[in-house]
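For clarity, chains are labelled A, B, C and D in written order, and residue numbers in each chain start from 1.
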């Protein structure tokens, strides 16, 4: 109780620094949060696209029922295949016509269906997926009843390159920001303590117990971290709500019923705890350094 | 000369705060710079995609030479059209066959060319381009010799939505960061000054001229800004070099000979000048506020 | 109460105290005097362990203060009230808060704090300025706040380092009486001063230092 | 040199100086005395315009100090050396740098600065401590640094606010002689003190304040 009051008095007697500190932490965390935000949503877009990566196995028009069954069995039991679709010749033709609806007049006029039936395989996402797809494609090609195999080799490698680039970029940025946040927080706490040097010295001189002296500063550090986290998360949430309100339309036309996701709850708790930890660590190290001078005497 | 020495002495006598300040400014500017970096490169990607937006006018197979000429004239003189291509029926058929090379056996087997000739128009990028394309498409449809018109309506609106979303997001982030940077800098300078309260007071008491008292702090503020800008730009440049070295391959597969651009030189100068200005402003306002107390007496 | 045996103290290899030995009994009142830089403040600092000594023994209340660990120092310091030569007032607190602060540190309850702090200020004639900040006080008024703060805890030992340097002779002798009153109630007082008037007025033992050595002692029977 | 006509000064509506009038001629040496809180420091602060007055006139060297604009104040203050009651030493500078600092402020050249600063420290007996920081000095040593700093500029006017409060009687009278020497070389000296010994030793004019009023003056013929 008394400690809490001392903490509040401490903060009140140095409002400007307190607000500057919390403000700084808020900004640092907001930036981190925004990145998380972008990263999470980008990831969800990417993983959606990722799902589209497939290996198409075109069957010969003269494939026998037996061959087809064998192929289906082989495909369904393969460890790299997540799921698969069978597209009959008729369905393929319909899709093709739908895709080129503007020119459908010409296509309809063709009078025969030039397209083959196919198995569309979804491949499990693993880091060396491209390699695996390539091997699988080579295997499939040899099998009886398979006309040809298509898997957008070029597109996949492009796409994987882009994902790696994006992740490295975001992680580097995140690391830079985390480092920055820790530096700023510990520096601010240090300033906060050194601005109260006189007070701490007098407490030491008047017989304050180490606990009595340190507790308000620990509490203050924790409070800095907590407030910074809460304010920045509130900021994030309002940006999130704003974006969702303003751009839901634009997002929906983006190709599917995609939500702009908010940072998931466990991650929110992690951020808050981490921020509190950083605040506490900041005050701990600063106090330790500061009191070290007096311990040596 | 003497002022410069005083500035250096000032900085030396308070190294920790100086490095903290420059570090903070560096981080703030680095974040801003990274955004600029991402924004510039994203913009160049987007404007590349933007160029691809086109209006395709399919001609009737029985179009007369006269009608074709008239259409060509109309298209080439239209104020919204940036450039145009003529694709003959033969060329279209070849492109089509190339695109579906895997199935070329079937296509070759068709023995006749179902595709129409077309004009491919590039439309000038203006804010309300979508509207204009729509109008132009309606016009063209009415003309003799035009079979149909295609312009990827859905894709364009999606794309524009995405661009707007992206820009708003980046600008909001940039504004937040700029605000943060200004706050942090001015707060740091304020702390720097108030940590030298005694010194300033003694200078006032001992007959230091206002210029003599203020100049070292102005210099210091400017130095904070300058160093912050230079260090953060150096950081940016090394990140840029790293990214280019590591990912040039991935970038090239990204569809064209695109370079990862660095922040252009005029913008670099602007950043440096702005940072210096912020440093100076920070020290100016802090000094003004600080000295105000003594002026009132 | 306070025992020193052959104590040496140096600052960066320059001796500040040389071979100091004396015993101050419980309830005694002792002046420490000597020219500027003689080592008076240093001697007091050893007693509340703000500085440590190089050789010898310092016992306060039977404890060897040189051996106390940092985490246990507060037990020693709670017994001691100090009037610092540079006052050490907290600029951001009013003078009432300054005096109350040391009571809060030892965990007194709220009512006691208000009453005792106010009483202590009254004793030095400053209760009418209780809400002023140190910067708004004259030099002598600040010194009296420092005195009030040292006395407010009813310490077993009172160490006063030049507590009347900024006070007029009349006030100085009032303060001396205040200390003598505390002494009568059982507090052991060590009073460092330059003032010949104070030394004459208070008929107490005197330890005279010069360049870190005891050069003279006046013993009162 | 210094003229005051019916000067009034209040702090938050409590009077600190009431109807003060006196004239100090060029080259004079004047003591200001009076009990704690009488207004001595306030009076000196008016002269170097650290505080402003409410009514009346204060002329220093013929200029009305109440009317000087902030940007011109340095001209007044360069003529005045002040020994502050709380010393105002810079903790981050050595004492030589502290003394040299006021020379740098008025733009002296490097050689002059080193020589004069060292000389000033020598005059107060502290040249052997020149590289020490204020925290490493005894109370009286710090006070002497403050005195050295006030004298180093050969000011036209010297204002000393209780400059011997932490000095032993011997040193105090040495410092008094130092001031008298400066006075002989033409400096006008105003010396605020409580010390009866100093007042008696220096045969100079005395202004006695009490609760902000002049209650007594000793005039020297």
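Observations
To be clear about the criterion, a contact is a pair of C-beta atoms (placed from the backbone, for glycine too) under 8 Å apart; a residue touches a chain by one contact, two chains touch by 3 or more.
Just so we're clear, the structure is a prediction, and the values are computed from it rather than from any experiment.
Any chain bridging chain B and chain D, meaning touching each of them, is missing here; the list is empty. Averaging C-alpha coordinates per chain and comparing to chain B, the farthest chain turns out to be C.
Between chain A and chain D, the centres computed from C-alpha atoms are 68 Å apart. Taking the mean of the C-alpha atoms as each chain's centre, chain A and chain C sit 62 Å apart. Computed centre separation for the pair chain C/chain D is 29 angstrom, with centres defined by C-alpha atoms.
In terms of inter-chain touching, the protein chains here make up one closed cycle, each touching precisely two others. Taken together, the chains touch in the following pairs: A-B, A-C, B-D, C-D.
Those residues of chain A lying in contact with chain B across their complex are 16-17, 20, 23-24, 27, 30-31, 34, 58, 102-103, 106-107, 109-110, 114-116, 148, 150, 154, 157-158, 161-162, 164-165, 168-169, 172-173, 176-177, 180, 183-184, 187, 190-191, 239, 243, 246-247, 249-251, 253-255.
Those residues of chain B lying in contact with chain D across their complex are 2, 6, 13-14, 198-199, 201-210, 212, 291, 294-295, 297. Contact residues on chain C toward chain D in their complex (touch as defined above): 11, 33-37, 40-42, 85-86, 136-141, 143-144, 161-162, 165-171, 194, 196-197.
Across the complex, chain C meets chain A through its residues 48-52, 70-71, 73-80, 82, 84, 88, 90-93, 101-102, 104-107, 153.
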